[in-house]
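The two complexes that follow have chain A in common; it is paired with chain B in the first and with chain C in the second.
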Partner chain A sequence: MNVVLSIAKTTTGEAIRRRVLMVILLIGLVLLVVAPGMEALSARQSTTVLRSLTLGVIQLTSAVIAIVLTVYLIPNEIERRTIYTILSKPVQRWQFLVGKYLGAVAALALMVAMMTATMLIVFSVVGKLTLGSDMVDLAKVPLMFFVQMSLLAAVAVFFSTFVSPIVNFFLSGGVYLLGSVFSSLFEVLSNNKELPAMVQAGARLVHSIVPNFQMFNVQNSAINAGPVIQNEQLYYLGSFGYALVYVMILLIAGILVFDRREV
Partner chain B sequence: MARAHRGKLYAALAVAVVAAAGINGAVYPLWKKNFAPKTADYSGLSPDQLLFAFAGFRELIAGILWVRADSYFSEGNYDAILPIVRLVTLLDPHQIDVYATGMWHIGYNFTDEGSRSDRRYIPTALALGMEGAKNNDYTYEMFYEVGWMWFHKIDDFYENSVSWMEKANTYDDMIPARRNILNNCYQRNGEVDKALDYAYGLLDKAEKNMKNDREFSARQNRDTIEGNLDNLLVRMSQRGYFAKGAPDRNLGIYDTDNPFDVGFSARVTVVSPKVIVVQGTWGVQPVGTRIRFILRDANFPNALPAGMKWNQGTQVELTPPKDQTFLQDQLFVRNQSFNRKIDMSRDLTMYPFVDDKYLIEFYYNPRSAAIHIQDKFGWSGEGMADKNFLNQEIRPAQRVIYTTLSLTRDQILRRGEWETKVPDAQTKNYRGIKAPSTGSDLITVPGLRGPSSAVEPGDIPQAGGMAGTGEGGG
Partner chain C sequence: MDLAIETRDLTKTYKAKKGKALNVVNQVNLQVEPGEIFGFLGPNGAGKTTTIKILLGIIYQTSGQARVLGKEPTDTDAHRLLSYLPEKPYYYEHMTGLEIMRFYASLFGIKDDAQCRSLLERVNLANDMNRPLSEYSKGMQQRVGLAQSLINDPKLLFLDEPTGGLDPIAHIEIRDLILQFRDEGKTVFISSHELSDVERICDRVAIINKGEVVQQGPLETLLVGGRIEVTANQCPDDLVEKLRGGERIVSAHLGRLIVDIPDSEEPNAIVDAIRAAGGTIVSVIPRRKRLEDLFLELVTQDDAAKGRQKRSMLEKSPPDQASIVEAEAAVEEGA
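On to the complex of A and B.
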């Protein structure tokens, strides 16, 4: 376990020092700070627009960070040949892969936490947030974004075991879009009785295989006033469990692929 | 890695896949119930907007689009607003302002040269409002807006305004002053006892509220409710409502006794292509009568007597059928007659005249009458009569005035044999009107020495006590 943690710690340190990630994070933070300027878009629903904007910025920035951070994890080590040094020590390949993933997730957690803190401070300063339950409810959204992006990072780690970073970038991005924006589309197609059976089956297959990223989008209840959330604890426990199991699937698959790969 | 380990990993992978599918099946319905956006349609967005919408900025994009729609409002470019309204409500189904404004815009703002709204849009406006209510069922607002459209714009089939206002009233966030509207809805729906009970209930609440809330508005609301209640009690008493409920207390003749014959007659003349003149008689002296006039395709889909099936479901269809004609107007009565020119020649999309046959409907319902006239006619027309056109069938439990005339497309377009002949259609009892010599805006008030000089004696039936004596003024 110490081996895994050592690799994770090193990976986190490397991630924090990467300029490209810092630039992406900085852009996200600047957007969060200037977001209150968009209030003019809707006089009555300014809070709605502000919350939509800030949470959207956090989600988008986190997604880009998660992909950029992880697509280079394995290829960089192979390209710089540092992997030989690591694997020549008593380090198993699975330990290397899991350590890399955990390190990336820790870096991601740090960056999402920074953006969340900035958002809460901005909201407090402009008077759109009251301390207490309102703050907790709002903070739950980035927490779920973090879980979502951890899953996305696992997808990118899995792909990084056998494709180049550029291909991985588009593959992971595509999977994210399929599992979030287009998930409802595939669900509708799979339930549409008027479509040919083949199309329905294909849509059902895609909907089942691709990770269900949209299940972690809980911003709707934080942006708009609405009915009381039902079975909230069950939902959060279940979605954490789903993310954990799916991350395990991707890491096991990644280990199996990486184990057979010649480096 | 040893083969045995690989086998274990494959087994673990299989178990995990099954577990993930099971958890997804259990949790996804919870997510859909609690967190899923109610509607999201990205068609119609430009690529940059699409990118933002994909990235989770739906509410932001909706806000930007609504700002753009606002500029179109300023320019009077109403057609351009419609798709934006639809797009905004699809992107962000919680924009109550957009639902309410869009509904009003669709229902009221599409007008012809004569400022008559295009009634073919009303089902669309209602559909949008109902969708807004469904998507925002945590607040009273859209229920109130739909109820108001039934009450004010459609101004008929009041049971619908009652049901929507009743639903709005179940919400605690409803503004107190808006709760008073339900009282009027009950009255127009002929549920006077309910209106009375409701008014007393409102007064009780307002008085309790006033003790806790010393603001001026609380006192003002209480006084308004009391004033409305007083008026209702006086009207019920004058119209014999209490007496009829307890015959032993019947003190004599009430305002609604001896139904007054309104002496309705009408004539429609096509003076030039798509331009008609509607004239007729209505023997009610007090000013304030508006007779509903409809000219529509004889085969207009969803047509009902003196209207149409306004609630046509929840499908928001932004483009009304281009091949259907439905004109609705009000004929304002002055000096016991009406005389109105209606020009439909400038609005080709609103009045396409594709059908071969057209039906003209005249309709008067005391429930939507001015209060001072309703004092004589009663809530359900019990004080109103007409020996030719009294109808008790098209609106259950109501006495309304209703008749129809017919014209053909050739007549309306003045084509063929009608190019030189002036087409007209009239009721059998029509014997002409005498226009006031000093201008149509002059109201002739009859003196004690005889009937008004503005009206030909004999043209207007004088039965009952309403014309000339002011007896029906309430």
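On to the complex of A and C.
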């Protein structure tokens, strides 16, 4: 386990110094700070607009960071030959892959935490947040984004064991879109009895294989006063469990590919 | 006692497109004794790094066998006893020399900070161990590389171009360190283009060309057969033709004559012939055979032989241009 943690720690240190990630994070942080000024452009209720905008910024920034961070995770190590000095030590390939993944997730956690803290501070300064349960409810949303992006990072790590970074960028981005934006569409298609059986089966296949990223989008309850998640604890636990199982499946599949890969 | 490295008919084949196979390493047989410095030489793309990667378990052979310290190359027990310094290595530049040592130590479960410090002192980085690697020169990075490769007190070291691109002082320092490793009983397997270094420090060498070992053995055996160079002035032009023959190389320009003969031939006959023709002897210099001479001779001969073989095959069944491009790309990839 020490080997995995050592690799993870080094990966986090390397990740938080990558300029491209810092630039993406900085853009996200600037947008969060200027967001209260942008709500004036909307005719809708200001709190709703501000929350919707800032949470959208955090989600989008986290998704881009998660993909950019992980698509280069393995290829960079091969290109720079660091992997040779590591794998020639008594390090198993699974330890290397899991260490890289955990390091990336830790870096992601730091960046999401920074954005969440910035959002809460901005909201407090402009008087759109009351300390206590409101703050906790709002903070739960980026926490779920973090779980969602950890799952997305596992998808990208899996692909990074056998495709190039550019292909991986589009593949992982595509899987994210299929599992979030188009998740409901595939669910509807798979249950529509009027469609041909082949189409239904295809939609059901996609819906069951692609991770359901939509289930981590809990921002509605924080943005609008109305919708409330029934049995919140169970929902969150179920979501964490779902993400954990998917992450494990993806990492095991990645290890199986990486174990035979010639680096 | 187990051999430090042993390969039998080790072959690595890459598939080019259209199902064509290309042997990047072809039936390589190596035997490296414990405690020796073994030089593994060859031109670019000869299969040196591919062989090392197989021996480290980073890639897998297509056929044949490889044993490292008596174990399979993928065995992590073997990895506890060996180390590898790749050519032009990169280390995480945000870390200091000491941090990078701690990182590599942790991969062996070593928590001894004093050991990390003493290894950095050994490679003359005592005053720079707390500086980030981004501030290190190329020579300093190479020395960190050597220090990290010693963290587990290895029995076997793989060094891929350890002195490549270093200034003369760093070059000598690294070379001396390698000699110290042998004194400590470690086995060193060096892949290098620096033939003068290899000649100075290696006990045995293997020369590989286009995936095949063309010669291997102790240097004192391989480098027998030097040359003698006889130089003379005021020689008549017709003397050149009289002296030519056998393994002699004769050249003349404006009365200056140079006769290069194998050291098995008696130079007195040449000297007498020059004097009889009215020439003046300037020098008679015996020249020991150098590793560079042997390397060029073997690689050139092997290239010529393989060229003839290829031409005869092409005459029988000429391939299309696309196949040639694919095969060349596969060689590049494999190298």
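In the analysis below, the second predicted complex is superposed on the first by the 257 of 263 C-alpha atoms of A that agree within 3 Å, B and C clash if a C-alpha of one lies under 4 Å from a C-alpha of the other, contacts with A are read in each partner's own complex, and residues count from 1 in each chain.
The definition used in the following text is that contacts are C-beta pairs under 8 Å (C-beta built on N, C-alpha and C of every residue); 3 or more make two chains touch, one makes a residue touch a chain.
As the structure is a prediction and not an experimental result, all values here were calculated from the model.
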What does the overlay on chain A give for chain B and chain C, a clash or a fit? fit
Would you check which partner chain A:V147 touches, where first means chain B only, second means chain C only, and both and neither mean what they say? neither
Per-residue touch tally on chain A - higher for chain B or for chain C: B
Under the stated touch criterion, which partner chain does A:L97 make contact with: chain B (first), chain C (second), both, or neither? neither
Regarding the shared-chain residue A:S184, is it in contact with chain B (first), chain C (second), both, or neither? first
Quick check for you: in the superposed arrangement, does A:I65 touch first (chain B), second (chain C), both or neither? neither
Quick one: is A:S208 in contact with chain B, with chain C, with both, or with neither? Answer first, second, both or neither. first
Regarding the shared-chain residue A:V105, is it in contact with chain B (first), chain C (second), both, or neither? neither
Of the partners chain B and chain C, which touch A:I86 in the superposed model: first, second, both, neither? second
Can you work out, in whole Å, how close the C-alpha atoms of chain B and chain C get once everything is superposed? 8
Shared contact residues on chain A for chain B and chain C? 92
Can you tell me which positions in chain B touch chain A when the two form their complex? 1, 6, 9-10, 12-13, 16-17, 19-21, 23-24, 26-28, 30-31, 33-37, 40, 52, 54-60, 63-64, 66-67, 92, 94-95, 97, 137-139
Quick check: in the complex, which residue numbers of chain A touch chain B? 38, 40-42, 44-45, 48-49, 51-53, 55-56, 59-60, 92-94, 177, 181, 184, 208, 212, 214-215, 217-221, 223-227, 229-232, 234-235, 238-239, 241-242, 245-246, 248-249, 252-253, 255-256, 259
Residues of chain C touching chain A in their complex? 53, 56-60, 76-77, 79-80, 82-92, 94-95, 103-104, 106-109, 145, 148-149, 152, 158
Residue ranges of chain A touching chain C (in the complex, touch as defined): 2-3, 6, 10, 13-14, 17, 80-92, 260, 262-263
